[in-house]
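Below are two complexes that have chain A in common, paired first with chain B and then with chain C.
Moving on, here comes the complex of A and B:
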């Protein structure tokens, strides 16, 4: 199957949230990376068919607008803000979602049990949703998205609130689907995707500015990433002048990881780039604005 | 002539059948079965509350005489309230976005749910009428104090659900309109002014408008996207 996006754009008032996106996605894991307000959620909502804009979206021959029932039968979606009925138990909620998805109980019952086991929620099946922790709720949200064995799985920030073990279980499961399913997931947690994504889409101001495999993307900042350890005063000066990805204190010195065209300091050592470096390279202003890097 | 490998063709045919069986087992083959299953899950709590209310109303009516109309009217006010809650609960619990991407979309869910609730309200009305034999005058009174306000206030509040963002303002619209209609019937002494056939015709007219509004809102929801 192929997901085809042709000339997709969306405007809210005067603001253009998504600008003329053309994309073809095949089975595999596609990670959507971008700062807050870059248009990720809008694009995902358009792909799942709840936001209408310009352009056309097809899953093979199935058009999202003209044949939504068929489209929805191939779709699994987990929104950024996962809503739920607080008084439903996990089992009741999943059964309800299965019915709304049109799934027969003959099929959905064993499927629910298998997914509950896969995501380690066996002990919570009879617990009300309002009593679950954030991580458990997130897992329930992921399970509902997987109920119909979707061919197109859209996950908006799925790992928010999951602990490292839960993240690992989730990622392993997603990898196991990637042979047959188009998985599009957005995240802020760069480390989640660098090991599993087949390709990465970087979105900025409503546009996909980069779309390539992980290794290919890193070529953009090859020979531009440096590490250096400096005293506080020098470290502060360097931080004012250059893009610093990481910083922490090591005894009397400050460790800095810098993205720079030229050698930022005489003691700086060139290192291999990672996705965090690339992210900062493109979203310097947003990262500083959010206060991620500080001394 | 093309040389077709019959063995390969047979294997393809068998695989197609396996895939077809899988698909048929996966989804509801009959739409009615799906709708019934959906309604049972969706309206289970509504039904339980309505039945408990009915038992309570019967209990009070048996014990205290002379307040039948007040009891029945209060019960219908409660019925309309739980019906409205069913309509807004997805918005209340932020389930809209999730449910919008399912096969049973909001338009269809709204239609099935609202029609079922309307039917149930009629059944409750008939149950009360059957269990409590009443005079022609009381029957007119019952129609005017139950079915008329509930359908009018539901109409207004349902329309407001899609115009007003704040859910609680819809409940306010519901209660206010219910009391205004009741007050209007009382002040203008409509019970005394009407014959049974006139009352019946007005009841049917309001019911038809209510059904038209349901269909109109269904159509709007089918076309509506989150823009």
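Moving on, here comes the complex of A and C:
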């Protein structure tokens, strides 16, 4: 199966949230990276078919607009802000979702049980959703997206609120689907995807500015990532001058990881780049505005 | 479809607060009915009268008529003429005031005057027509109505029994129409006010509308669930009223011509079963009327608070003339269709004739057609319900894709 996006764009008032995106996605894990407001969620909602825009979206020959019922039968969607009915139990909620997805109870019941077991929610099946922790709710949200064994799985920030173990379970499961399913997931947690994503799409200001495999993307910042340990005064000076993507205190010195075209300091050592470096290289302004990097 | 309907119903009512509302409402209904029975029966000898009449129960026959007549004559001959004589007179169809000089010597004349001898096999039915014919013989509408009644009377049962428990039940239901119906309608409003807002409130729209189940189908199922819940709540109240009636003053039979027991037979061709059906029907229509408006506002507002405010305002307007004695423009058609007063028009056996003309809203006469109130009101509100469903269904179909 192929997901084909042709000339996709969306405007909210005067702001163009998505700009003329053309894309073909095949089965595998496709990670969508971008700062807040870069258009990730808008693009995902358009792919899911709950937001009108310009252009056309097809899953093979199935058009999202003209044959939505068929399109939706192949679709699993986990939105960024996962909603739920607080008075439903986990079991009731998943049964309800199975019903609205048109799944027969003979199929859905064993499927629900299998997914509950997979995501370690056996003890919470009769608990009301309003009593669950954020991580548990997130797992329920992931299960509902997987109920119909989707061929197109759209996951908007799926790992937010999950602890490391839960994230690992989730990622392992997603990897197991990647042979047969087109998985498009957006995240801020780049470490989640660097080991599992077949390709990475980087969105900025409504456009996909980069789309390639992990190793290919890192070539963009090859020989541009440095590490250095400096006293506080010098560290502060360097932070004002260069893109520091990581920093922490080590005894009396400050460890800095810098993305720079040239050697940022005489003591700096070139290191292999990672996805965090790439992300921060492209979204430096947003990162600083959000205060992620600080000493 | 069925599974989805169950889920939608569960979504709306499986909450402690909703169960609490329904339990409190049911308790109040039970209390009101029980209290009214208690007050109505205090100091009255309804039970004795009922037991006395009930001994003649069974299919109406010449033998039964003769037996009642003999007992009536015996009762006249006793010095202590109590209620029994009046009850027997009523049973014999002597519905107008008994002559003061009534005695064994002139009783046959009394029977002659009431013309019951010719129709003793259907004495009560005849009397219904005869009594009113005298009062309204020049009224064209009335003649049309009488003609209908005469036709209908061919189908009413030839059963005799005490109607006292039946009448007491309908009097109490009529009296308690306002608080019980209004409370039920408020509870329906509160429960259904979030029907179409619950998805937005819980951020479920994105998940729900990205499934293969179309938005229009979800809307239709929600209408169905909301309407069923409204009907269910109203049915619970009616069933409670019936249970209490049977516990306090059991009804012998419903298959009996509706008539009142204070010795004036009014114009009617309904059995008590017919009346009970009308009570259930109008209560259900009343519940559906309010649920329809609530669901419509819920669909438009997608907000529980706003919907409740609008519907409370609507119900207050409905009650304003009752509470403040305000007369609105177009109050006649308005009063006709107000959901909170529908049951007040069930009193088919006591309000039909007033001042020599048909004032009651129980029937409407159009030329040679006599259309009962319950039919007009039911059709009207069912049309509103249907239009509501169609409009929202079409709107949902046109706006299948959301703008967030």
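As a convention for this text, the second predicted complex is superposed on the first by the 295 of 295 C-alpha atoms of A that agree within 3 Å, B and C clash if a C-alpha of one lies under 4 Å from a C-alpha of the other, contacts with A are read in each partner's own complex, and residues count from 1 in each chain.
Here is the rule we go by: a residue touches a chain if its C-beta (ideal position, glycine included) is under 8 Å from a C-beta of that chain, and two chains touch if they have at least 3 such contacts.
All figures in this text were calculated on a predicted structure; none of them were measured in a lab.
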| item | value |
| --- | --- |
| Simultaneous placement of chain C and chain B on chain A, clash or fit | clash |
| Touched partner set for A:14, first chain B, second chain C, both or neither | neither |
| Which superposed partner A:96 touches (first chain B, second chain C, both, neither) | both |
| Touched partner set for A:233, first chain B, second chain C, both or neither | neither |
| Which superposed partner A:72 touches (first chain B, second chain C, both, neither) | both |
| First, second, both or neither for A:251, with chain B first and chain C second | neither |
| Chain B versus chain C as contact partner of A:106, first or second or both or neither | first |
| Candidates 131-139, 149-157 or 185-193 of chain C: the single one with C-alpha clashes against chain B | 185-193 |
| Chain B and chain C contact sites that coincide on chain A, given as residue numbers | 45, 48-52, 68-69, 72-73, 75, 77, 79, 81-86, 95-97, 99-102, 105, 144 |
| Chain C-facing residues of chain A, complex | 45, 48-52, 65, 68-70, 72-73, 75, 77, 79, 81-88, 92, 95-97, 99-102, 105, 141, 144 |
| Residues on chain C engaged by chain A in the complex (per definition of touch) | 3-4, 7, 10-11, 14-15, 198-199, 202-214, 218, 400-404 |
| Parts of chain B lying in touch with chain A, wherever the complex brings them together | 25-29, 34, 37-38, 41-42, 89-90, 93-105, 109, 225-227 |
| Residues of chain A that touch chain B when the two form their complex | 45, 48-52, 68-69, 72-73, 75, 77, 79, 81-86, 95-97, 99-107, 144, 148 |
